[in-house]
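Paired with chain B in one complex and with chain C in the other, chain A is shared by the two complexes that follow.
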Partner chain A sequence: MLFNSLDFAVFLPIVFVLYWFVFKTSLKLQNLLIVLASYVFYGWWDWRFLSLILFSSVLDYVIGIYISQTTLPSKRKALLFTSVFFNIGLLGFFKYYNFFVDSFVSSFSFFGWTIQPNTLNIILPVGISFYTFQTLSYSIDIYRNKLQPTRNFIGFAAFVSFFPQLVAGPIERATHLLPQFYNKRLFNYHKAVDGLRQILWGMFKKVVIADNCARYVNMIFDDYTSYSGSTLFLGVFLFAFQIYGDFSGYSDIAIGTARLFGFELKQNFAFPYFSRDVAEFWRRWHISLSTWFRDYVYIPLGGSQGSKLNQIRNVLIIFVVSGFWHGANWTFIVWGAINALYFLPLLLFERNRVHTDVVAAYRLLPSFKEVFKMGITFLLILLSWVFFRAESLSHALGYLWQMATDNFVSIPQMRPTYLFVLIFIFIIVEWLGRKQQYAIELLWLQYPKVMRWGFYFCIAILIFLYGGQEAAFIYFQF
Partner chain B sequence: MKRFLILVLTFSSILLLGCYAYFYLADGSTDANYLKFTTPRQTALIIGSSRAAQGIQPKFLNSYLKRNDIYNFAFNVKESPYGRPYLKSIQRKLESQTQAGIFILEVNPWTIGIDSVTVLKTGGYRETDNFLDNTHFVALKPNIEYLIESYPESYINIFKDKSKVGLNETFFVEADGWLNVTISLEGKTTSERTEKKIIRYNKLLSQYSSPSSYRLESLENTIRFLKQHGQVYLVRMPIINGMFKIENELLSDFNDVMYAIAEETGVVYFNMMPDRDFYTYTDGNHLDQVSGRQFSINLAELIMGSRNPNNKE
Partner chain C sequence: MLKFLKKVGFIVIGFLLLSYLISHASLWSLRQSQFYKPTFLTNGVPQTQFDYIVLGASTGLTTLNTQTIDSVLHTTGLNLSVDDTSLPNQYLMLQHFIATGKRTDFCILAPNPKNYNTLEHTLSDNDYRFLMYAHRPYVHDYYSQFKGTRAAILQYSSWMPTLGVSYYNAEVFYPSLLSLLQPNKHNRFDDLGNYSYPDRAFVDAPISQFQDTDLTFKNSYLEKIKALCDLHGITMICYISPMKGLKADVGSADYTIINHSDLLKNSGYFHDGIHVNTIGRAQASVVFARDFKSYLGIN
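Here is the complex of A and B:
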């Protein structure tokens, strides 16, 4: 089920009413409702893959208990390995099987050997990359004695399948989200209104910004040889807003929806395009994934400790793996590697934690130097987005070559003025709200109700007018 | 909680009312199909592809046949070939009590052909899950179902398109369902459009196969259904020679197939292709406004002249 669909518009109020009116007296029933609602939400797309979620839930629930019951290191390790094997195995089979087979065949054909590939027509189950990481972190945290295993299976199943963040995150840690399923939730008017506000803003990002950018991005990327360099630059510029609007919009809707049910999810995007260097960008972009990789891959590898060579190796691994997580395609691996190359100089010269605060925190406008830094960072990120969006490496390289050599300094062949205006408004609002969890969290709150409502109506009207057909979220495919 | 519910209900009610009011702006300029799902159920229909949508003008048929109820319910060859969705939609659009209706079914090799590439790729026909399939309410104004399920653009375009009516290369669906296209007929632009159309249809040749047994069966079902409600006429509309040649490559014995169906179902088939040189076209495939008018008059005369005892009076 898509957040931006009529189905969800009907589904959400029904679950909300059942949750707060029918089942409010029993925590167990509320959790059970969440599990059922989440399975309906997921099954709306394809009910067959519910078995995977159930399998993952049962597996890690049982393994968690067994890990905590044994003190024998080898047995604990074996149990953890079982969890990792099955979770990564599922992910690997559904997401990467054909990629590995194709890559294997290609590498052999490079040497002149022909192999008949045995690829399978595998459907990628939506959200598998997200919920497997969530369940994995649960087992790992128990193994590291950071978390006690739960004996409440319904609560655990609700944690794994929690519908607001099931299919595209934020990837929650058991240490943060799971305890919320143990405690009675009380309805809080201000939190609920805040949730609605965040949903509204998320919808604006997705429907108005991302979907309208997508129309032009698809045209330009699909037929890039027909366009001038400046148009191709416009294509990747719009893609930057598409991917940001799409993914951070989803996160906003997820966090807002969770808040309606009394849950707090972690911030997933912190205005990344206002970053002054790539290190800051990666602290602000898809935070739940970056921190997951940091805690479960980067730090165990040694992190930024050890020799320079080790540091370089660790950074390369984490970025490449992160890229590969996004999709079974060399384009994502190169995208990750490019970002590693951006990041490495900052790490090696110990400049990776220079910008840990919000840009121009106590000023309305940034300084010239800050604008320059943000501009350079944005351009670097744009360059890497070409690989993220392209269908293949040759597509990406062809795109970049055409962009650089064919009338880069010219008026683009496409000039969607309305979209430029919308993006401009979007940037202004995001800038004004950059210190908050989401842009309109506190915006206009000091003004009278009439003005606030007017502002929210304006956003809602823009969503209605500029929305079109339901378009799936990009991150569903990851 | 009460306060929250009041807030949500107030906000969403105002918003929904606003959206509903906005949908009243939708009209014949919204897209080439919308208006046809907002008019009342009909008693006499023109069925077929965009050739019929653009080329058969109900007001002239009505005037010559002394009627006032003929309605153009034709769409385009991609969306409305003869098949289950179109028949369903016709059944919905037809006033069920109709007894003395008149039904003009425009036919050509594409409307009874299948797009093999689509069938292979999706396992369905090219019109599966389209607006004909999805629009259950065919006489609703504003048609919220159509606008939500099938309108392919952002809703801002409903407003924007209204201001474009009458400009070159725009259209407006008239109250009688006729697709009124405004297009420059200057020699150069017409020949350019024709050239493009021929290239496009030549490409389509490789992916289409005609006739398809499914389509023929659907056409027969459509005829049989409509015959219960009045007179049915099959019409092959004229196109330029270049396009006719492509159609012949697709299905050279199209006329024989149609005569056979007409005989089997007891209806009349008018092959108006031989008159193709008497008309002018916007792109080789569609009659221009003036020719459309003439064609409609000629068709009305043929209908008046036909005396088919098999057709129900």
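Here is the complex of A and C:
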């Protein structure tokens, strides 16, 4: 079920009313309702894959209990290995099987050997990369003695399948989200209003910004040989807003929806395009994934400790694996590698933690130097987005070549004025709210109600006007 | 909790009312404009009597230049073709033409040639261009005949315009704003309804071989258009526009046909396989005028 669909507009109020009116007296029943609602939400797309979520839930629930019951290191390790093997195995099979087979065949054909591959027609289950990482973190945290296993299966199943963040995150840690399923939730008016406000802003990002950019991005990327360099630059510029609007919009809707049910999810995006270097960008983009990789891959590898060579290796691994997580395609691996190359100089010269605050935190406007830094960072990120969006490496390279060599300094062939206006307004609002969890969290709260509500209604109307066509979220495919 | 639900209820109702008003205003603005062909016909064409009109898809729009034809024949023509449409839409346009109180002696049908064979009818990509008239019975009936979400959205827009305006936002809402500022602006056609594809032609090369392609004229809408023409004393002529390397075999069709499928024998006249460029258009229009002359009874 898509957040921006009529189905969800009917589904959400029904679950909300059942949750707060019918089942409000029993925590267990509330959790059970969340499990059922989440399974309906997921099954709306394809009910057959519910078995994977159920399998993952049972497996990690049981393994978690067994790990805590044994003190024998080898046995604990074996149990953890079982969890990792099955979770990564599921992910590997459904997401990467054909990629590995194809790459294997290609590398052999490079040497002149022909192999008839056995590729399978595998459907990628929506959200598999998200919930497998969530369940994995549960087992790993128990193994590390950071978390006590739960004996409440319904609560655990609700944690794994919690519908607001099931299919595209934020990837929650058991240490943060799971305890919330043990405690009684009380309806909080201000939290609920705040949740609705965040949903509104998320919808705006997705429906108005991302989906409108997508029209032009698709046209330009699908037929890039027909366009001038400047138009191709416009294509990747719009893609930067498409991917940000799409994914951070989803996260906002997820966090806002969770808040309606009394849950707090972690912030997933912190205005990444206002970053002053790539290190800051990666602290602000898809935070739940970056921190997951940091805690479960980068730090165990040694992180930024050890020799320079080890540091370089660790950074390369983390970025390439992170790229590969996004999809079974060499384009994502290259995208990750490019970002690693951006990041490495900062790490090696110990400049990777220079910008840990909010840009121009106590000023309305940034300084010239800050604008310059943000501009350069944005341009570097744009370059890498070409690989993220392209269908193949040759597509990406062809796109970049055409962009550089065919009338880069010219007026683009496409000039969607209305979209430029929308993006401009969007940037202004994001800038004004850059210190908050989401842009309109506290925006204009000090002004009269009429003004604030006028603003909310304008956003709502724009969503309505631009929301006719349901477009899937990009991160569903990951 | 009740306070929250009440507030949400009020907001939703207010929001629905507002969106309803905006959608109505958007369609009203388009109805006053000349942006798309249907409103151009209503607001931008004061003349009521024509010698001929061209009804077609992109082939009709970009092949027959009424300005060229009229300069040769001293006639008055109007091109009402709309790209990405098929014969059902051309039937609708003819109904609309008649409903606006205009008259013509000839109706030149110029759809995509393959469309003469189509048996199953679906909604065309640009059928939304009649959305501002969705409340009119002939437009509502037109949308009602198709299946699928898009057709349902257009059909129900007669009483809930937000559906159509929201679904076709970039195609409807944005032009409606533009129309408020520039009510006389046309969406890629001139004052006589003509448009030409840019001159990105193939390399000059003679086309020596033309492959035969059968046109059966089995499309049921041909009968419907013919019947409507007959009812209003209009002569219908089926025009087959030039195709690159294809020659239409029209067999023994019961319609008056001008077959120019193999007229242009050089790739340099074409924009793509079925569309001519500016040079091809000039050539095709002159030859059409010559052939059409005999039907007009001019010496």
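The definition used in the following text is that the second predicted complex is superposed on the first by the 477 of 478 C-alpha atoms of A that agree within 3 Å, B and C clash if a C-alpha of one lies under 4 Å from a C-alpha of the other, contacts with A are read in each partner's own complex, and residues count from 1 in each chain.
Note that in this section a residue touches a chain if its C-beta (ideal position, glycine included) is under 8 Å from a C-beta of that chain, and two chains touch if they have at least 3 such contacts.
Everything quoted here is computed from the prediction, not taken from an experiment.
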| item | value |
| --- | --- |
| Room on chain A for both chain B and chain C (clash or fit) | clash |
| First (chain B), second (chain C), both or neither touched by A:296 | neither |
| Chain B versus chain C as contact partner of A:187, first or second or both or neither | both |
| Partner chain(s) touched by A:6 [first = chain B, second = chain C, both, neither] | first |
| Touched partner set for A:196, first chain B, second chain C, both or neither | both |
| Listed stretches 115-123, 223-231, 241-249 or 259-267 of chain B, narrowed to the one that overlaps chain C | 241-249 |
| Overlapping contact positions on chain A, where the chain C interface meets the chain B interface | 20, 187, 189, 192-193, 196, 212, 418, 457, 460-461, 464-469 |
| Interfacial residue positions of chain A with respect to chain C in the complex | 20-21, 187, 189, 192-193, 196, 212, 215, 418, 457, 460-461, 464-469 |
| Chain A partner contacts - residues on chain B that touch it in the complex | 1, 3-4, 7-8, 11, 14-15, 18-19, 22, 148, 151-156 |
| Touch list for chain C against partner chain A, complex | 1, 3-4, 8, 14-15, 18-19, 22, 153, 162-170, 173-174, 177 |
| Chain B contact footprint on chain A (complex, rising order) | 6, 20, 187, 189, 192-193, 196, 212, 418, 453, 456-457, 460-461, 464-469 |
